[in-house]
Every structure is written in structure tokens, then in C-alpha cells.
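In the two assemblies presented below, chain A is common to both, partnered first by chain B and then by chain C.
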Partner chain A sequence: MAQMTMSEALKWVADLFEEPLDNINPLTSREEIDAWDSLGTLSLLAGLDENFDIRLPIEQSSAFRTVGDILEVLRQHGQLMNQ
Partner chain B sequence: MRFILVDKILELIPGKMIRAVKRISGTEDFFADHFPGFPIVPGVLLTEMMAQAAGKCLDAERKSRGKAMLAKIISASFRDWVHPDQDAIIYADIRANQETFATSNCYIEIGSNKVCTAELLFAFLPYEKLVEGYVDEVLESYLAENP
Partner chain C sequence: MAFIDFQEKWIVVTGASSGIGRAISIELSRNRANLILIGRDHDRLMETAASLGSSSHHLLLLDLNKLSTINEKIMELSRSVGRLYGLCHAAGVVETRPLNSLKIDGFQEMLDLNLISGIELARTITHRNVAEQGGGSILFISSVYSHVGAPGQVCYSATKGAISAAVRSMALELARRKIRVNSLSPGLVHTPMTSAAMGLLSDQQIKDIEDAHPLGTGTPEDVARAAAFLLAPQSAWITGIDLVIDGGYTAK
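The block that comes next holds the complex of A and B.
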């Protein structure tokens, strides 16, 4: 998959958690996203694996607190354009 | 109503793919209500068939992570009716297979007709949560005949 822009990455996160895009920004916390529970974490792991070939231990993903933490992983794996 | 929706495994590569069969005789209780005069297998049960087949494929690996449990129906489509007196051939290809989750692409064929498809996400339940001595008889039967 080609590198995403920030807006594309936020849309990917919004779609993953079935959340309106307007509710998602890098500062959005885990607590603000209803679907970011234990199942949401599994969906995130599966999504990162399938879409970006990124494999994370569950301990690392469980430690995420904000959407920005997800974006940082994408950036570290070359999936998010630097801005 | 018993809830074993896979009668027999026909082909299995643990952790990778499975082909199995469920005979739909027409004597199943749900046909009385679903629907009178037009008996068809509910889509939720077709989805459960696919989930059970994919789950057996994952469980066949005998990993310590636990028993595969359906966690999410990512997508499901029901393209044709499944009537009484049919053999549902269930296919599952394991797409991702990790320590904490697995995903599967599944479908069911009646004859050569693909009647439904699903993408499923699985989590794993530690085996000690199940009743002591729990055995998946359908899976164990296949593995005994195909060591």
C-alpha cells in the first residue's frame, strides 16, 4: 500500500472503529471511541497486519492511548507521509 | 437445539484451510418458523457454519493460545437461499494467523453455487475456560483418520 496522507490515515482509523471522521484526530483518546475496546484492539491488529503488513504484539497496541499513537506506528513503518 | 453446524471435515491443512460439510436434512427446528411455506436456513446459521469450520482449522494447530472464538463478522453476504435436503460445503481460508487473532475468508457452496461468503475475525479463549475434558469430536475424528 502506498504512503497515506494524514487525512487518509485518519479516515482509515475512523473506518476501522466505525466512527464518524469528524470525531477522529490525532488527539482523540481511546476513551472517546466507543469501539476501541478489547475487540477494537483486535480489529486494529488485524487491520494493521492485513493492510500494512505491520505486526504488533498485543501489549504494544494495548498501551495505545490516542489515535496519534496509531499514526505514529504507521509513520514508523513508512506508511504515513511526513508532514 | 444442538449447535454443531459442521458434520464432517473433508479436507484440512491446520491453520491454513478447511473444507467441510453440513447436511441440511429439513428436519431442523428452525424451518418451522423460517419461514412457513418457504423454508430456508437463516443467514446467521450459515455464518456460524463458516465460523465453526474456520475455528476447527485454527484449533487443529493445537497451539497454546486457546480455542478459536468468533470475535467479529467483518462482512457477510447471502447470495442465494439454502433449502432443506441440501449438502452445504463449507470452505475457509485462513488469511491472518497470529498469537492473539486470526482472520478467515469463508464461503459455502451448494453444488457449484456459492450461496454465501464471510470475512471473520477470531480471538482465542484459553482452554482452561472450557469444561474439563472438552473435545471437538468432529475435528478429532478427522485427525484420527488423517494423522
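The block that comes next holds the complex of A and C.
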């Protein structure tokens, strides 16, 4: 899969949590995303695995606080273009 | 005379290579059942076989997701061992997955293994050329999630709830041939399968589930003893039931 642009990655996160794209930016916190609860964390883990072959331990994904933390993982795994 | 004695009758056990299926195999063998052990992993099936008592057994390597192969394989085996008395369908998969990340293919695979392969096996072993003429016993391993819900278990609950419903109808249909059909619904039992499913949960979430069992979590052997009881020829007046063994999980 080709590397995503920042806007594609934000759309991926928005779709995952079923949030309007306008509500999602790197600074958006977990508390601002209604669907990002413990089940949402499982959805995130499944989504990262199935779409990007990224397997994270639950402890790591539970520690995420912002959308930026998700983007950083995508970047570290070569799925997000460096700006 | 022992309360439970299978008198060297043949029983097919699926999921026999580990966890609950393995424990049931050992318990049935201890009570003089002859076994056809079904699993996908030869080495692990051999490990189960090595733990059995002196009763006879056959190993059958079979991928139960390949539904169209089940009937032929069992028919073939029954021609060599003779008529079959029972079935214990312990094979199954569980996955914790929120509804919004559900994948239809994964759900279909779970349904095929947990439910449809069991029904196909039941169809095969109750064939008039295969089943013992004096009657028989079929047991499905269900789950407390056929009775109560849990977040992330939509698909698993659906497969297990369907088992309980199918068991009641199957019991009525087969009663006139003295073939009994029941299910067991265990609470949390630590097995390789449940450990894999819980790998996605935090330590606190796992502790919360464990704490919800007043008697603590169960062992495969707890389930195996109940399975032997329901499968045994001596439980001749029990059919169409679902026996919950959950350390009190659903009593609240």
C-alpha cells in the first residue's frame, strides 16, 4: 500500500471512529472522540492490523492520548509520508 | 458399578487438540469411551492421545471449516470402527471485535466452525448407517455468551446462541430414536483460545471479567466432568437442555 498523505491518514482515523472529518486533527484528544473508548481501542488495533499490518500491544494503544499519537505510529511504520 | 460408564462406545470429539476439547477427551476416555479425536494439528492431537486411558482411539486430521469434507471423512471412519454413539463439538473460535470493525468473512468462518460444522457432524453421526441403534448422545460446547451479552462479542454470541436454539430442535427431532442432544455453556475458562482472545484486553479488563465469576474462573477439567455427565448413557432422561457451568457468572 502506498504511503498516505496527512489528509488521507486523518480521513482514515475519522472513518475508523465514525467522526466528521472536520473534528479530526493531530491535536484532537481521545476525550473529544466519543467512539474512542476501550472498544474503540480494539477497533483501532484491528484497523491498524488489517489495513497496515501493524500489530501493537494493547498497552501501547491504550496509552495514546491524541490523534497525533496514531499518526506517529503510522509514520514509524512507513505508512504516512513525512511532511 | 461406576455412575458414568461409556462401555467402549465410540464418541467423536472435535477441538480435541487443546483446551476444553482435550480435557473432555481425557475425561471420556477415563470413563471407558472409545474416541475419534478431530483436530487440525497432528502433533497436538498426538499429545492428547498420549494422555488417554486404555480405551481405543483414532485420530482424524480435519479442517472443519471445509464443511463439504466432513460427511465423507466420518462415514469412512465409521466403516472401520463400527457404529458411533456420540458427538462432542468442542471446536470453536472466539474473537473480541467491536461491531464497527466486523468483517463478514471472519464472521462467516466463525459461524462455519462454531455452529455449522457441528450441525453437519451431528447430521453425519445420526445417519442410520452410522448411529448406534440403541440411541446416542450429542453435546455442543456453547458459552455463557449465549445467555448474556458482552461488548465486542456480537459474532461469538450469535454463533453460541444459535447452538442453543438448534440443540432444542435437534433434541425433539431425534428423541424418537433415543438420541439425546444437549449443550454446555461455560463461563471463562483459561485455555489457549481464550488467552489469545484476551490478549487484546487490558489487565484491568481481564481482572474485571475474572471478578465477575463468584467462584473464580473455571478449568477445562470443570467443563470436562459436566460434559461426561451429559454424554453418558446413564443420563438417559436428559435432552434439549443447556447446562450453564460458570462459577456463578450468570447468577447475578
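We take it that the second predicted complex is superposed on the first by the 83 of 83 C-alpha atoms of A that agree within 3 Å, B and C clash if a C-alpha of one lies under 4 Å from a C-alpha of the other, contacts with A are read in each partner's own complex, and residues count from 1 in each chain.
Here, contacts are C-beta pairs under 8 Å (C-beta built on N, C-alpha and C of every residue); 3 or more make two chains touch, one makes a residue touch a chain.
All figures in this text were calculated on a predicted structure; none of them were measured in a lab.
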Worksheet entry | Fit or clash - chain C, chain B, common chain A | clash
Practice prompt. Pick one for A:58: touches chain B only (first), chain C only (second), both, or neither.
Written response: both
Item to complete: Considering only the touch criterion stated at the top, classify A:46 as touching first (chain B), second (chain C), both, or neither.
Response: both
Item to complete: Figure out whether A:10 sits in contact with chain B (first) or chain C (second), or with both, or with neither.
Response: neither
Response to the item:
Of chain B and chain C, the partner touching more residues of chain A is C
Worksheet item: Counting only touches as set out at the top, which of chain B and chain C does A:35 meet: first, second, both, neither?
Response: second
Fill in: First (chain B), second (chain C), both or neither touched by A:18
second
Practice prompt. Report for A:74: first if it touches chain B alone, second if chain C alone, otherwise both or neither.
Written response: neither
Discussion item. Based on the superposition described at the top, state which of 8-16, 26-34 or 80-88 belonging to chain B clashes with chain C.
Written reply: 8-16
Worksheet entry | Footprint overlap on chain A, where chain B in one structure and chain C in the other make contact | 39, 42-43, 45-46, 50, 58
Worksheet item: In the complex of these two chains, what residues of chain A are touching chain C?
Response: 18, 35, 38-40, 42-43, 45-47, 50, 58-59, 62
Fill in: Of all residues in chain A, those that touch chain B in their complex
39, 42-43, 45-46, 49-50, 55, 58
Item to complete: Could you pull out which chain B residues touch chain A in their complex?
Response: 71-72, 95-96, 98-101, 103, 121, 123
Item to complete: Could you please specify the touching residues of chain C with respect to chain A in the complex?
Response: 96-98, 100-101, 103, 151-152, 199-202, 205
